[in-house]
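Every chain is named by a letter (A, B and C) in the order it is written, and numbering of its residues begins at 1.
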Amino acid sequence: MAAAATSVGRRRFVGLRRVLEPVAGAHGGARIMLWSGAAITTFFIVLALIGPSISPYRFDQYQANGQRFEQLAHPSSDHVFGTTVQSTDVLSRVIWATRTELEVVFLSLIFGLLVGVPLGLISGYFSGPLDRGLVLIMDALFAFPYLLLAIVIAFLLGGQSVINAAIAITVVYIPQYFRVVRNHVISVREESYVEAARAIGAKPFTILRRYVFFNVVQNVPVIATLNAADAILTLTALGFLGYGIQPSAGAEWGYDISRAISDASSGIWWTGLFPGLAIVLLVTGLTLLGEGLNETINPVLRKRRIESPELGTPTSIVESEVGP
Amino acid sequence: MAAQGTSLKSYLLTRLALVIPMVFILLTMVFLLMRVAPGDPISASLGGRVPQAEVDKIRHRLGYDKPLIVQYREYLWDTARLDFGTTITDRRPVTEIIKVNGAATLELTIAAMFVAITVGVFFGLVAGRYRDTAADAGSRLFGIVIYAMPVFFLGYLAQLFFGSYLGILPTSDRASPLTEALLTPHTNLFLIDTLINKNWAAFWDVFRHLILPATTLGLVISGIFIRLVRVNVIRTLKDDYIEAARARGISERSVVYNHAFRNALVPVITIVGLQMALLLSGAVLTETTFNWPGIGHQLIFYLDNRDYAAVQGIIVVFALVVVFISLLIDLASAFIDPRIRY
Amino acid sequence: MRAVDGVSLDIGEGEVLGLVGESGCGKSTLGRGILGLLPEGAESDGEVTYGGRNLLTLPDKDLRRLRGPDLGLIFQEPMTRLNPLLRIEDHFAETLSRHEPDLKKREIRSRSLETLGRMGIPPTRFRQYPFEFSGGMRQRIMIALALVLRPKLLVADEPTTALDVIVEAQILGILSDLKREFGTALLLITHNLGIIAEACDRVAVMYAGRIVEEGPARPLFADPAHPYTRELLRSTISLETTELHSIPGAPPNLIDPPSGCRFHPRCPDAMEVCPRKSPIPVKLEGDRRVECWLHGPEGEIPPGTTRPMERGRIAVADEA
């Protein structure tokens, strides 16, 4: 009994181990990407968590000690990134926005996985009319220009809260999770070990849970990371067009840039540059992380370091004492 | 021996048959989406600005008080006849919007695609061919960063640098007001129209206005191509027929260019089609950034004004265009790769 | 890891040499090594003499020029060896114009069709795509593609393993006629003894990276000198087989090969000297060669070690 318990326990982490093992062995370009991406992403996550506490001002603060801040002030010691036309501090807004962005994306990731993955699993494993119907709907959703879809949904959901923004983004990415999971399930379904399980009489749910799920889960970290990168871009685009978070509810990089465009003609560069750089940095970090994971986990692209062997003398007479 | 033409035709027919249910679903989705909001489109857009009696009259005239099923049927019938409705706020037929603003977006899109493919395929081939060298790392980093850059940020930077700082390129509109006033539109594709009129000064003006938006959008899209082309080149170079070609003494250069690259680019064609969908969305952002009077820009305008009829009409057109383009792409792929036809 | 260790082979003009051995014994590596097509990270040492030059030390450019008109290679899996996007015509045009740039289009066409014709591919199919052909036909096209430049040596790496028996017979017929029709020498690599017996003049038996026996085909099969060859022949299934015979154990791990003679763990005639010293090649009569202590040389065997080797049970793990 004890042996059985340990063996089940070990198997539970097989999926995770399958992800982590190649990561530890990553080298060369993949390693650099992986670790630099992880570093950047972690930096932003930390910033999202503690940023607002260490930020010099609030995101909507336009005065201190009864005195209103200068409008469109150049970067200075008081306002390291300068101020906007509304006298808010750019640095503070950039920091506070980190939390907003990551909140929304994280939520949408969870939603997307919660909906897309199970749908993909069920659809892929059971096939039939349900599968066909789902595939058609997902393909149609997929064919839709994603930004348009996000805009329309954000628009229809009305109130521009964090949740609504998250839902709008989620809907755009569900088809991706669905499709990838479904395709993977279909290919795994035909594997001999699944057939064997079926032959023994295992219930479909058990098969799904034990064999298919872990195999499929391997792909998810890569897709989730790359989707997160995309989601940030979608979210900031929504903000840019005015369909993102309500300005009073929080700061948002895309929104700030939309305000900064009119400043550009006057040569004022700080209102848009810093939010923009934040976007580029975060998305690059996420993409590097995702690509790094992809290179290490995906065996097709994996390239182990190849060392040239040394050539010695050909084995000729070898004296050795080999006992009985 | 089956003649090539026949199999291509039968493939086309099969594909068309698959397209129809897809189109149906898209149309239905749009219809439902627009009706999800409480009230009706008329009240939403005009309510509060126009006396209620007027609103009711317009509602009746445009048919928004009919039962949903009847509206749906009329909607489908109209769409089949390519009648996409009329806007509520400024009474423009959607087809006219497509013709005028659509052409603007088309011009921008084609120019951007040109930039994207040139830059993307070039760096992708370099990265794939010289894998794990500095050139590869450089190309890939470029691809990643360029993709991470929102198109509106890149546009903003372009405006800051070329428009404000250097002052050499215009940062909004399709042409200067004078040129636009004197232009006689034939196709509404200004580059072509000015050429038809043999108006070189106007052509140059229009071209200058196109540079920043097209390059901005194109560069951002190229990131995807770099990644894709690189992966495909790497995969193709591992294929068995590559080794067989080497065994016949074909030079490495020939192997790479005639075999690997050509085969690696086949899936790229498909992605070009998918990117058109991306471009339509990206066009919205680029158009807003550069005040380019395209369809995306118009859509946002009508959205802000709660003009559901306009929004519905425009989105339907978008969806149909995307479907049509992906059909074209599939055909092109089938033409290039004979295996697909069977 | 040494895939090929201390191998020495000669192939005469127009001769058909069969190289036989189990999977993983290094024969494919040897075949590819001759043309310089080893995978990245592989090193080779020694000499491959062709026309008075050592192929291993040739610069890449010169080696590439030899591939095609002098050296040819056919692969095991014909289904994936042709570029799916190019017609057969294009494949031939590329090869011919690469090595004989002065050929005119008409000449390219006629030479290609002629070689294809000898392989049984009709001219009407010249402009078709690879996917329109079956596996056997694709292999014939590959052979034609290799032969169109009239190479002096053709290396065939398991050319029929992926094909069914009838097609196999056809391909073998073509290959054995090469000498007659084209004057090409053939190195036929395979694990199938039947093919060797059919088609080859000489045979080299390979085990764990070494050639353990070599000589003219018929005498070698009639009276094998090396225990491995003998066991291989006994395991071959034919219509007269009444019971299955297999060689116990598994091919050795080439990263850490057995000491002394590499076959000793599985050899029914192993002596005490076998694990201690690697056997020295010995010439036998009839132009044969063997590496086995059973054939001496007497002088090198330490006294008293000709007793049969004591062996433990072959561990079950080895069978995996």
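The criterion applied here is as follows: a contact is a pair of C-beta atoms (placed from the backbone, for glycine too) under 8 Å apart; a residue touches a chain by one contact, two chains touch by 3 or more.
Keep in mind it's a predicted model, so treat the numbers as computed, not measured.
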Q. If you tally the C-beta contacts for B-C and for A-B, which one comes out higher?
A. A-B
(Q) Can you identify the chain nearest the overall CA centroid, using each chain's own CA centroid? (A) A
Q: Would you mind pulling out the distance in Å between where the CA atoms of chain A average out and where those of chain C do?
A: 51
Q | Between chain C and chain B, distance of the C-alpha-averaged centres to the nearest whole Å | A | 56
Q | Cα-centroid distance, chain A relative to chain B, in whole angstrom | A | 25
(Q) Multi-chain contacts only, two chains or more: what residues does chain C have there? (A) none
Q.
Can you tell me which positions in chain A touch chain B when the two form their complex?
A. 28-29, 136-137, 139-141, 143-148, 151-152, 155-156, 229, 233, 236-237, 240-243, 254, 257-258, 260-261, 264-267, 269, 272-273, 276, 279-284, 287-288, 291, 300-301, 303
(Q) Taking the touch rule as given, give the residues of chain B at its contact with chain A in the complex, in rising order. (A) 21-22, 25-26, 29, 33, 36-37, 131-132, 136-137, 144-145, 147-150, 152-153, 156-157, 159-160, 163-165, 171, 231, 234-235, 277-278, 280-282, 284-285, 288-289, 299-300, 303-304, 311, 315, 318-319, 322-323, 326
Q) Considering the complex alone, what residue numbers of chain B touch chain C? A) 1, 239-241, 243-251, 254, 258-259, 262-263, 266, 336-339, 342
Q) Can you list the residues on chain C that touch chain B in the complex? A) 35, 37, 64-69, 72-73, 75, 77, 80-86, 94-95, 98-99, 124, 129, 131, 142, 145-146
